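Take a look at the structures below.
In the two complexes that follow, chain A is the common piece, with chain B as its partner first and chain C second.
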Partner chain A sequence: MTNVMVVGGGPAGLRAAESLARFGLEVTLVEQESYLGGAVARHRYQVLMPHFDSGPAVLDRMVSAVAENPRIHIRTGSRIGQVEETDDGFQVEILGRETGVESVRAVVLATGFTHFDPRRDTKYGYGLFPDVITGAELEEMMASGPVTRPSTGEVPKSVAFIYCVGSRDRQVGNTYCSRVCCAVSAKQGIEVREQLPGARLVMFYMDVRTYGLWEDELYWRAQEDAGVVYVKGRVAEITQRDGRPVLKGEDTLVRGPFEWEFDLVVLAAGMEPGEATAELAAQFGIEREPHGFFQQTRPMENASVTSHPGVFVAGAASGPKTIEDSVMEGEVAAMAVLRYLDSKVTV
Partner chain B sequence: MTNVMVVGGGPAGLRAAESLARFGLEVTLVEQESYLGGAVARHRYQVLMPHFDSGPAVLDRMVSAVAENPRIHIRTGSRIGQVEETDDGFQVEILGRETGVESVRAVVLATGFTHFDPRRDTKYGYGLFPDVITGAELEEMMASGPVTRPSTGEVPKSVAFIYCVGSRDRQVGNTYCSRVCCAVSAKQGIEVREQLPGARLVMFYMDVRTYGLWEDELYWRAQEDAGVVYVKGRVAEITQRDGRPVLKGEDTLVRGPFEWEFDLVVLAAGMEPGEATAELAAQFGIEREPHGFFQQTRPMENASVTSHPGVFVAGAASGPKTIEDSVMEGEVAAMAVLRYLDSKVTV
Partner chain C sequence: MNPTETHLKLDPDEVGIQDAESLLHAIQSDVRYHEAIHGCLNCGVCSGSCPSHRFFDYSPRIVVQTLLSGDAEAVKGMMDEYIWACAQCYTCAMRCPLHNSPGGLVMIMREVAVWRGMEAVHRLLKPYGRVLLKVLSIGNQLTPDMIQPDFFPDWGPKIPWSSTDLAIKRQAIPVYTLQVTNSAWRVSPETSYELYTIYEETGVFRLIEQIDPNLYEVVADMVEELRESVEEARAR
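The block that comes next holds the complex of A and B.
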């Protein structure tokens, strides 16, 4: 019985655990929340980009593959305490309802991301104006019912999406791109259009990064089928007038300032390392890259390899990722563990 | 001895073959060219984006892991003939120097991409004007020596890069984005700057898609360290005046037409399915997506699964991919084969 610990029960961790168990290993899966599924569960994603898969169906499939597996020992509501390196692995303290110590031979860190909190960038008025919400809040709203203005409960006649909130922005300290927000916003535009056939829907962007085959599924479809308008421009400030958010900024294509009222504003808030990332890096002795994500030390060879033998990463904990990428990296991490345990030679 | 066939000896196929052999399977690796390494070898990439790894070192590592492996039977200069499905796999005819039939239980198709041929879009004058070259030709030029103007052998004082050649372009029939060209061009801009400290370097783009953590490594670095100028604009036509290419188009940010002479023009030509894709899809009975790439039928679960059990895909044959993505998919395909052969149930 070879024991491997997977930390994080989102798409990457679930896949890593399932794959390791599939090939005969005993897996301890540690998740800080009381539920599995990561961001998909947390924000109750109903429809996943880019293929418009059912979020609950994907979540159910991912979770049940793990929950029903006798080789996977699930420890929800738990976090990592003391870590000690041993001759053949790690002794890891698990803090939670059942506190204890596990001996494991390898570890997969799949602790995901947190969304940038737009309160940190005061120009958007988030937290101040009720009709300025985040993309994750829009997902949760759509999971419970129709899209409405939080201030009045009315159906909005106009919705603005602001891209790159907390991303590509030196002022907030995040120079990187969060990789999925352009595509998620396009998906949301398409969905909102179905609910609101007559509404004005506008995306304010720097660059539209619906890369690869997403271009057809999302970018063209949002514009041509859903009538979403794309405006290249930076929003400099959101104020409020007569109870409605007002966007002030510059349209960089027509080179003019705009001042534009909307009933609802959706901030495409980017990804940042999950809360536990810094602490886990210290506990397991691995390096982080300049933004605080776990460092992939040999990405061209193997996406899951870190600076410490026996410690692997998967998913958004090493940088912004899609669900598909995270699942793939969970699989790659599992294989890296299989190789590592067989041979004691990293990949 | 379980035999698996991998078709295509680029980054995805090499990794799939190596992983399968690592876990005990006998692998036949079929490659149409006389060499292994795919596009990395074909275009002699010296420096790989985004981390500026050495292309020859990466290539050597990938190829030697396969070449020295006694479980991997390499058939270069070969292609696939007749395919017959059997009770437990496929009988595959290999056409080449040693023609023969192999019985295999599963197949990984990793046949990659071809570059869009800019001759098909006559507005660029490619093939007509000697100083209009492709990004791949720039790579080959940099592999042999300094960057020069093909017409005169002189060092260029100005270089233009045109993005989205053959991509995101309904007129040429490719509505998708080729995913890597923005980043490759930024990398090339940084490299060209090292050779040509005084030259004017300009990128003509629609959207700059250096997504995720590439933003720091490539986008900011190209602009701030290498002094590359980014102009949002479409090039409508290239003509030639006094032996130099002239770009005509519209700068969409200043909303004005431009007419701009350069010493050298580099076309960032996109990716299309490899030549053999259609034939292989027919031979192995798998579906293709609307652009002709192999269809990933359950991408949210497993990137390598196709519409036919036992036939898996990896790398750019299912859509534009980076080398890192291709390696990862090769690993995922290998694991999918391992699962498939154990259980006869697709993942």
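The block that comes next holds the complex of A and C.
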């Protein structure tokens, strides 16, 4: 029986594992956390961008498809140890509750991303001011109850969203766009409006990148239906006055310098390569692209092809990506594995 | 790069040349220029950070945008008054997502403005006559005897104490060269002599003559006197 390993149990990895198993392969799914679902599960996303799907419903569908498939062997709480290349694949050591070595013909790396930690960009006062939170923390807040100010538990009368935190910024070493945060913030603005009909909601942006069909569905809708105000200007610094965050910056298009107080500030923290990316690249002998993600070597042909035969990539491990694109790449990687194994048999 | 090339192309023959295109060329050919400007997303984090932007008609973003536009007349117009509102704190450079240094660009523009003897420089540097004289005579900028409450009306209540009994307080500093009050540290006549040679060779004296003839007269007397005494000492 042909065995394939999928590393990472987020949307991309779950989809890759599900499809490979449906095509009849034995799949070992390795996940470092104790649960499946990746960032969707970690931050308990309730409403998913862009179509406002139910996060728990999507997660349940993805996870149960994997959990109920007898060909998929789930190894949560596990990491990759030594990797040795053999004539027909890899000997991969799995470190975890059940440590052991697996023989696999191909590997799909779907290790995802980590959120940028805004403590690294001190101008936002994240970690210092309790009412400055990240977008992921807002998701967690909305999953467990109403939106409140962490400092007092009060309902906020004003909420600011700051774009491009940890993205598009040489100062923090990330010169790329994280791609989804503009649209996720618009989605969050629309959701927050439902809870806070009278609140002042403001987005501070450099550019608004709500690609393609998201333009009217998210960006215009945030303004037209949810009354969200967009201000072009990267916030220069956050201080605190009388227990409230104060945002200082320049409204570059209209009002010039500003110093505005908000009850709650949400930082749209971008995506960075997952912590294990460099190590896994070395273990499996694949290249990383200049920003540190796994390199897609032939993206015009197949999104999952890496610099090493038999090693494939899917999802945000190769760059910032939406959930739906990650799912799609999981499928793409499964197809690529099949083609690869087929060519190895027939050639 | 030619190792003998200075960081700023200060050609003594260019003192006084003020046509807009040549000013822009001087700014853009400075070796620091391309380190200080990369692109600009108009995000406004520089001006949002800028202490002067809050209170003056000054924006580091507009400095960057104007230079990128290549509009020489607009750049020249900025050199008259606009860029002199910059406090040179470089917070803009610390925050710019593209690693631009608007403060660094302002520094280059100011150096060119001074070098070319622009009218604004006469006006704006007037309050710095005392500092200029110190720099020219001994290479120091501020000296203890210049730090007097009259010149710093915004001092708090404590600091004026430090301007009293200067001689005694300076003697308490254990570093030998610092036990003076009319210079920041003891400067030998030989040092000033060399300094004057550098000023002369690099055209600084010609520049001073152009932008402040009165100051130049004082400086010329000072230089002549020191040179005579140093040369006499050498001869002995």
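In this text, the second predicted complex is superposed on the first by the 343 of 347 C-alpha atoms of A that agree within 3 Å, B and C clash if a C-alpha of one lies under 4 Å from a C-alpha of the other, contacts with A are read in each partner's own complex, and residues count from 1 in each chain.
In the analysis below, contacts are C-beta pairs under 8 Å (C-beta built on N, C-alpha and C of every residue); 3 or more make two chains touch, one makes a residue touch a chain.
The model shown is predicted, which means the values in this text are computed figures rather than measured ones.
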Is A:Ala236 touching anything from chain B or chain C once the two structures are fitted on A? First, second, both or neither. second
Going by the contact rule set out at the top, does A:Asp88 touch chain B (first), chain C (second), both, or neither? neither
On the A-aligned overlay, A:Arg168 touches which partner chain: chain B = first, chain C = second, or both, or neither? both
Is A:Glu287 contacted by the first partner chain B, the second partner chain C, both or neither? neither
Counting only touches as set out at the top, which of chain B and chain C does A:Ala303 meet: first, second, both, neither? first
After superposition on the shared chain, which partner residues are touched by A:Asp207: those of chain B (first), chain C (second), both, or neither? both
Between chain B and chain C, whom does A:Asp225 touch in the aligned arrangement: first, second, both, or neither? neither
Touched partner set for A:Thr252, first chain B, second chain C, both or neither: both
With both structures superposed, pick whichever of chain B and chain C touches the larger number of chain A residues. B
Given the touch rule stated above, what does A:Lys123 touch, chain B (first), chain C (second), both, or neither? second
Need the overlap of the two footprints on chain A, from chain B and from chain C, as residue ranges. 168, 207, 232, 252
Chain C to chain A touching residues, read off their complex: 41-49, 53-54, 59, 61, 94-99
Chain A residues touching chain C - in the complex, by the definition given at the top: 123, 164, 168-171, 206-207, 232-237, 248-252, 256-258
Quick one: which bits of chain B touch chain A in the complex? Just the residue numbers, please. 19, 22-23, 48, 51, 53, 58, 61, 168, 175-179, 207-216, 220, 232, 252-255, 289-291, 293, 299-303, 319-321, 323-324, 327-329, 331-332, 334-335, 338-339
